[in-house]
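The same chain A turns up in both complexes below, where it pairs with chain B and then with chain C.
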Partner chain A sequence: MGLTAKSTGIYAFLEDLNQSSVKADAIIALAGNPNTGKSTVFNGLTGLNQHTGNWPGKTVVLAKGNYLYRHKNITLVDLPGTYSLLANSADEQVARDFICFGDPDATVVVADATCLERNLNLVLQVMEITPKTILCLNLIDEAKRKKIEIDIAALENILGIPVIPTAARDKTGLKELREAIHQTVFGKRCNHPKPMVYSENIEVAIEKIQAEVENLFQGRINSRWVALRLLDGDTTIIQEMRNYLQRMEPKDQPVSETYKEVECCGSFGSRV
Partner chain B sequence: MTKTLYQLRAGEKARIRSIGTDPVTKERLESLGMIEGVEVGMVRSTPLGNPRIYRALNTMIALRNDIAKLVEVEVADHE
Partner chain C sequence: MSAAEFELTRLPVGKRAEVVRVGSVGSMRNRLLDLGLVPSTVVEAVRKSPAGDPVAYKIRGAVIALRSEESRQITVRSLD
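Up next, the complex of A and B:
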């Protein structure tokens, strides 16, 4: 959607976050399919007035805003709307990079309650990256009008993450959403998202690659998920691993060495 | 009866059997709701006959005919 590969780098944005005058206590990413009301939720939470519109593909760059809740300063990052995180387009890559490498304290997935089934695809992908996922079931008023009834408790049970119904346009449910974010980041409540288990041969391959990835990143990013992407033959993730490592440890380790290791992981992934 | 998505007439419904596109396109279709086993319907054609509009998981999706020809569907026989 008009993004160049250059403008998709998340690191400049992260630098900017670090340098902002008010130190954020937590950074929350806002993800979701296009046209589910992410920007409306964003505006509702932050009180800002980012442009919203009833067409998909409106948010093409990252927007940020702040709000104060229970004496904590929360920075909210509005990601471009995507149907998946498999990085088939520039927007998908921005969203994926931010959730995986940007290390947000929690990720809220905004889903359209009127076509939940399709939206759950993205929810599962985000849950696979981070357990700190919250599902915001937006447009619940619209769903009600269409006689769609959603069993929130059952959905929470199956997914293992908090599910908050909202109608962001009327500010319904936003208080509960703020509380759920607070609990997920600062509370004792621990999410236990349903683990995604693959067939045995894939699991064996994951285990092999994951060990290498873990070695490189030492617990700072989700090595299982990166291993999966490498197995999938996703080459964009290799570049992003490089960017991440270059930013994280320019001193500790000669960069060229690290590059080689990343390259190793990558070629290993495509061989399996 | 097995057909391709392209062969469905307006109003006709079927279940997706397989998606024979390249993996990236398949992933894209899946994230839009066109998943094997899901019911799809042909909604209508467009003025030029290409793309055509389909519905899956309560979402309307416009698909080019060259892609729709690669999606195999099963039409219920009881009609």
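Up next, the complex of A and C:
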């Protein structure tokens, strides 16, 4: 996609990413609740190969960095802390837009192993968008100190995604994290995240609009996720979807009209 | 014996309570749920800001500040 007048927010950032001197073989988002050690993981993986950039239009600073692993050049984007993809603050919106509309090749969710339960909300939300999700269970040293034991294999089984315990401050587990990222992006193995099933009326409503959504986004964004957000009626996400569509819209096709229809359909669905 | 229900706003610093229900709608409700405030969650009032609003609460292992508009939406039952 070329440069257009509409290049603000996430798209300007993505263009900036694409114009970097070294071509990335994969772009990886680092997400997580506030203060879980995302930046420490980021620094541990990228070393000094990083620089910060402003998210255009918002006063949020993002860091991106690179590392080489098995001959692949990986670009990592350190996102602001967020509790949820149903964002509230500008910081949270930036994280959400990047994960949802930035099409990263994989998303690593950095979670605090000492309060896993609260961190799993975001993990589940990211898994709902993309199967290419990796759980980095950081602060595992703190968890051990607090006598919290986590059954990694069981967690992997329940979630259906790779779970890597790390103590990023001591660089423990980062080798395994690099490998998990590599396998998720380039490997043959596919993650099978546990599907989230909603109450029947919501499932019926999703079914009503999902095909249309699929058609509209041409498979570029998870249609089930889009359908759910339309049902939520979150206006900031819907605006971001419009921006996304306008960018991928071929000149002679009034996609926006169809989109309006789907949107109507969506709000109708939520009333069912 | 079931303890009386009241708004989280009225929980004194140092005391714990259990969430009974979360009111509000739309994005505020989403935010509260995302913070882990679902029924049966234990919440402790940790400290008040000098102005008395917001108040910091310990919720599922993290300390989180809530404004009174938010804490008013949460009905709790005392645990202490």
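Following the convention adopted for this analysis, the second predicted complex is superposed on the first by the 229 of 272 C-alpha atoms of A that agree within 3 Å, B and C clash if a C-alpha of one lies under 4 Å from a C-alpha of the other, contacts with A are read in each partner's own complex, and residues count from 1 in each chain.
Following the convention adopted for this analysis, contacts are C-beta pairs under 8 Å (C-beta built on N, C-alpha and C of every residue); 3 or more make two chains touch, one makes a residue touch a chain.
What you are looking at is a predicted structure, and each value in this text was computed from that prediction instead of being measured.
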- prompt: First (chain B), second (chain C), both or neither: which does A:Leu76 touch?
  reply: neither
Query: Which of the two partners, first being chain B and second being chain C, lies in contact with A:Ala106: first, second, both, or neither?
result: neither
Message: Quick check for you: in the superposed arrangement, does A:Asp234 touch first (chain B), second (chain C), both or neither?
response: second
Message: Taking the superposition on A as described, I'd like to know which of chain B and chain C A:Cys115 touches: first, second, both or neither.
response: both
Task: Answer with first, second, both or neither: which of chain B and chain C does A:Ile28 touch in the superposed model?
output: neither
- prompt: Hey, is it chain B or chain C that touches more of chain A?
  reply: C
Message: I'd like to check the shared interface: which positions of chain A are touched by both chain B and chain C across the two complexes?
response: 83-84, 86, 88, 114-115, 117-118, 121
Task: Provide the residue numbers of chain A that touch chain C in the complex, in ascending order.
output: 33, 83-84, 86, 88, 112, 114-115, 117-118, 121, 232-234
- line: Seen from chain A, its contact residues with chain B in the complex are 83-84, 86, 88, 114-115, 117-118, 121-122
Statement: Contacts from chain C onto chain A in the complex sit at residues 26-27, 30-31, 34-36, 59-62
- request: Would you mind writing out the residues of chain B in touch with chain A in their complex?
  value: 24, 27-28, 30-33, 56-59
